[in-house]
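Chains: A, B, C and D, in written order; residue numbering restarts at 1 for each.
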Amino acid sequence: MDRFVFLTLDGLSRGAVYAAFALALVLIWRAARIVNFAQGAMAVATAYVAYSVSAATGSYWLGFLAALAAGLLLGAAVDLAVMRFVDHRSPLNPVIVALGLVLLIQAVLGMVYGNEFLPAEAPFSRSALTVAGVAVLSPYDLFAFAAVGVVVVGLAWIFTRTAVGLRMRAAAFAPEVSRLLGVNVGGMLTLGWALASGVGALAGMLVIPTELGLHPHAMDLVFVSAFTAAVVGGLDSPPGAVVGGLAVGLLLSYVSGYAGSDLTPLAVLVLLLAVLLVRPGGLFAPVAARRV
Amino acid sequence: MPPSTRRGLAIATAIALLATSAACSGDDGGSPGRGPVPGVTDTEIVVGTHMPLTGPASAGYSKIAPATKAYFDYVNANGGVHGRKITYKIMDDGYNPANTQQVVRQLVLQDKVFAVLNGLGTPTHTGVLDFLKSNRVPDLFVASGSRSWDQPDKYPGTFGFNPDYTVEGKILANHVKTALPGKKVCFLGQDDDFGRDSLAGVEQVLGAGAVVAKQTYVTSNTNVAPQIGAFKAAGCEVVVLATVPGFTALAVGTAARLGFKPQWLVSNVGADHPTLAKQLGEAAPLLEGMIGVNYLPMQNDTANPWIQLFTKVNKEHNGDAPFDGNTVYGMAVGYLFVQVLQAAGKDLTRESVLAAVSRGGYQGPGLAPLRFSETDHSGYGGERLTRVSGGVQAYFGPAYETDEGDGPVREYTAAPVTPPANGIPTAS
Amino acid sequence: MSATRAAAPPRTPAPDAGPGPAGGRRVPTLLRHLAVAAVAALLLTAVSYGLDPFRNFQLATVAAYLCATAGLTVLTGLNGQLSLGHGALMATGAYTVAFCQTAFLDAGLTGGWWLALSLAAAVLAALAVGAVVGVAAARLRGPYLAGVTLAVAVVVPALTVTFDGVFNGEQGLSVPVEPPPAGLGPYFPYERWQLWVAAAATLLALVLLANLVRSRYGRTFRAVRDDEVAARLAGIHVARTQVLAFVVSAAGAGLGGALLAVLAQSVSPGAFSLTLSLFLLMAVVIGGLGSLAGALWGAVLLVVLPDLTHTLTEQFTLSPAVAQRMEGNLPLAIFGVTLIVVMIAAPGGVQGLLARLGRALAARLPGRRRS
Amino acid sequence: MSGDDLLVVRGLVAGYGAAPVLHGVDLTVPAGTIAAVVGANGAGKTTLLRALSGMLRPLAGRVALAGDDLRGVPVEQLVRRGMAHVPEGRGVVGELTVDENLRLGGLWRRDRADATRALDEVYQLFEPLARRRRHLGHQLSGGERQMLALGRALVGRPRLLLLDEPSLGLAPRVVAQTMALLRQLREATGLTVLLVEQNVRSALSVADQGVVMALGRVVSTAPAARLRDDDDLRHAYLGF
């Protein structure tokens, strides 16, 4: 039973980060109908920014803020400098461009910082607190939960309660009509990229200290898990991303703990198939609203 | 243009493209010189290697080949070997076996290298063993502790360098047996031949039932909390790790998170303190007391004449790159290769170099014996224990030697040698 | 709608879509393809004598990749399904050929025809796996299909570690392949023989694929890609068509993987990682998704580009410190930029660019006549 | 060109790709009037509206709104100049609620207080919408969508309303109500309307001016009443 509790909490704390990253993917998908394969590489780039800023100033939190700011800027830059010029008639084109960005970003990071692992600091202790003899969450895990929670609530607030959120949703669902109603659709798209990339940067800052360290490829595996989470939840649904992220985190933890870590990829595939064969649009797919 | 014509044209252009690029490279690529020996002229020896310079597996490893090259440049600057300068072609395979196929063929068939030196990685190098054998290319000092390189009957041209993982496991287990008797021993290994061979060594010494909990990890899953949690639940006091550096750091960090503080014993591959400390950052003090194994001088041992030599070479020929265990490793490989070239004599052929390696008896920076003989193609046959104390990793106790079978773990008593005055081995 | 599925490039009629020039004598499609294949075979034989062994091997590798890229072109370009998992299908073929060749060797069965049998078995195995994935794929669209195939790409190499008793883990298996037939003489270069084997298998596969593309099935593939609803109304069984496309494509990938294994004489999971699957996709898109000729460019790219960028970086003489940072990274950066620029400047890929060039030339010639 | 002409179009050429659909359209709509553009299918009516609101970039010609040349003005700026376009099919965003759709119509406005007031007015004008505030756009009936689209345009308090096929797919009773409403708005607020309709009868019944289009050109402009009553004219251009 102790082990079950331990694996559950451990899975949830990882899942929270997957959820944040999946959320970033969902944001861009909703805004631009692009699966941003460069999300992981972009997040790593911002984590390097944090590393440099922290190293220069000696403050974790300055680095943290720098990463988020860099995330927003990088997202906007990718949209304005690259994606804007891609022919979107075939959905494959943006995918390939994103893969090209991955190669480019990772190569540039490798040139600047070297293909070495750099330490990734955690702002809080990662030692688990013990409750009734069972090791539960660490302060860092709680920080991660809180950060992801703030992001989820914040995004929900932006999208449902603010004018800019309404504009962004309208621009995503009906770009032509939105323009007629005075919405700067291109600007909203850029803003969507910036927000998504900012959330991705946050997820990167949260997950990299729990992994092998800072490396140009540090987010490769996280990307695969988070993409799975987003697909399981339904790419159009932010709540789906959160649920999908937690589900994938739990699944990986249980399978590693009870069956062996080599079986985790298989478990992920089984989860994907089980969900998608029943609901081809993910768990939280909108009720077959328009099938035209 | 009918479509079929167009397709035919496409094929023809593609072929022509390849053909022209071949024609261009055909002239400059080969230059086999007068002699019949590929890659050797009166003034030059061309050797090549495949290394991960990019990709997830490149961390640390990407520094080895440049260090070897720097040592060769140092030798070249001092007149070379028998009047020949060594050209070292470094090919990036990104630790992807498919790329290794391409780059090794390029080295052998196009660049006409004399030998492949220090090709890195078990899965990558396994794939080119047959090719190198059928082309009779000397395949020297493979950078991996797999036992596959020691098959003189099947692969007469292949020689290892690293102590194999079983030897490591035996030496670590021997320490447990003598210094930590009666403790509960557990084992975490990579889910491949690395972990398997190492566990075999541990169980060889401690007995099959002695390891209380055995766990594996895969490099594609960075969450080792379930495995460490199982160790804690099993009450392990000693944990032997057959892990790459990243996962050593993960295991140590995760254990600390769970309030689990066993004695760590780590295989050579994953025990380099600077690498681990860098990765753990502020959590580096967790490494205090960690026991590892090594067989080359410690990069921080500035009193060691070998380290003095290699530091100098690094400064002069390697752009003063950060000096760590990988630099020492790369230069040690370079030193051994130059030793072998000297021993093979002025009349260098592929046969003579293989014969020179097989004669054995090489002594250099290593603390353990190199086992090369007609019947043994494995590399170093032993290691010495290290311990992290006060943030510094240092050797303690004697060096040990053993085999990968059921032979005993013995102390290796031969005195370490010092490098020649000019840092370049001479023909003995 | 079009945004939710992986569709083909802009709808210029594919070069091999419509009926040929009106009024001309129509040579049966199969004969025409056979003729092209025969010419290509003759050319390749001649070329194989003119090239050094390394180029022969590279060309053989191109042939192997071509099977896979052609398969992926049929799936993605002609049928509009996106697959990130073709590397895994190649692995299926590769491991099958390893098992078969080892079994034949153990049973003392020697002779060139056993290799052909192994390759056939590899195609069948990939076909079976492709059918399973294809059935699931037929229910899914766009990114959801991408997600499942991505998982397949990750799982299949991982299985070789899980069941390392069978697959020998990361280290992989060796593939025993016989030397060239004695009839070719004792000094026949092995790489030339490899090219012959790979090219023969690939040309056969291409003829079959080209025929399929031009057949009734090919037309249904394209109809489903262009408009699923319209295709359904026209009486096409959409799901069945999609499964068929997946199966055909998997067979191509399986043969490609099998050939790669034969060329390397070994197979290991690292060679068939997710990276390979992504690179295959990049290759076919850059080559041009509309036609099988694009697949050829893609395969050439896969082999030549790393080599080319490496040569390029060697041109610069850099200080050791800088060189260490650039080595390996610079080629990747160049590749990345190339991908982005090509996709923006020429979304039809290399073949699209050539086709445009060809059309422009063709348009100028009769134009002159008119004036 | 008198100052009272709100919309002036001269020599407008526009189309899709290289082939123009409009071959030089001239059109004038005086302020505070309703103009109905009628004509057969494919005459270019919808294309005209799309070119006016900038969704289609004109190839040649000039469009002026209250004397200002609209060339180079981005689509999203036109609403700020007082032009509202209710597109064919009405453009209700199905994924947004009724309330969100309506608010979207006034988001661009600086005067937040008046935007809120306009919203309330629309709810009073269209009772059914007020009852379905929280429903999603795609849950509405055709008539409700019509109201929503029209209401959303009105939240922006436009000077010129471009209305594309408001009668499409609606019951005759609802069409009559819509037309009556346009009339009422014109009276009350001085709204100028350019209406494109297949339903010639109801369009001409409400319009001040009738504009007949054929094959991408304006072939006749006349007071609506005359077009409605002059059988010859009707026969010649409208075929009934």
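The rule is simple: a residue touches a chain if its C-beta (ideal position, glycine included) is under 8 Å from a C-beta of that chain, and two chains touch if they have at least 3 such contacts.
Please read these numbers as outputs of a predicted model, since none were measured by experiment.
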{"item": "Chains contacting each of chain B and chain C, listed by label", "value": "A"}
{"item": "Fewest touching-chain hops separating chain C from chain D", "value": "2"}
{"item": "Most remote chain, CA-based centroid, reference being chain B", "value": "D"}
{"item": "Higher-contact pair (C-beta pairs counted), A-D versus A-B", "value": "A-B"}
{"item": "Distance between the centres, which are taken as Cα means, of chain D and chain A, whole angstrom", "value": "43"}
{"item": "Whole-Å gap between the CA centroids of chain B and chain D", "value": "76"}
{"item": "Chain centre separation in whole Å, for chain B relative to chain A (CA means)", "value": "37"}
{"item": "Inter-centroid spacing, chain C versus chain A (mean Cα positions, whole Å)", "value": "32"}
{"item": "Shared-contact residues (touching 2 or more other chains) in chain C", "value": "154, 158, 161, 328-329, 332"}
{"item": "Residues of chain B touching at least two other chains", "value": "53-54, 58, 62, 191, 218, 220"}
{"item": "Overlap residues in chain A, where contacts from two or more other chains coincide", "value": "107, 110, 114-115, 260, 262, 265"}
{"item": "Set of all touching chain pairs, with the criterion as stated earlier", "value": "A-B, A-C, A-D, B-C"}
{"item": "Contacting residues of chain C [partner chain B, same complex]", "value": "15-16, 20-21, 32-33, 35-36, 39-40, 43-44, 47, 50-55, 57-59, 61-62, 154, 158, 161, 164, 169-172, 174, 190-191, 210, 260, 263-266, 268-273, 275-276, 291-293, 296-297, 300, 303-304, 306-307, 310, 319-324, 327-329, 331-332, 351, 354-355, 358, 362"}
{"item": "Interface residues, chain B side, partner chain C - complex", "value": "1-4, 6-8, 10-12, 14-15, 17-19, 21-22, 26, 29-30, 53-54, 58, 62-63, 66, 70, 90-92, 94-99, 101-102, 105-106, 109-110, 122-124, 126-131, 134, 146, 148, 191-193, 218, 220, 317-321"}
{"item": "Contacting residues of chain D [partner chain A, same complex]", "value": "53, 55, 75-80, 84-85, 87, 91, 93-96, 100, 103-105, 107-108, 138, 152, 156"}
{"item": "Partner chain A, residues of chain C touching it in the complex", "value": "1-10, 76, 82, 136, 139-144, 146-148, 150-152, 154-155, 158-159, 161-162, 229, 274, 278, 281-282, 285-286, 289, 325-326, 328-330, 332-333, 335-340, 343-344, 347"}
{"item": "Footprint of chain B on chain A - complex, ascending", "value": "2-3, 6-7, 10, 14, 107, 110, 114-121, 126-128, 130, 135, 138, 210-213, 215, 217, 220-221, 252-253, 256-257, 260-262, 264-265"}
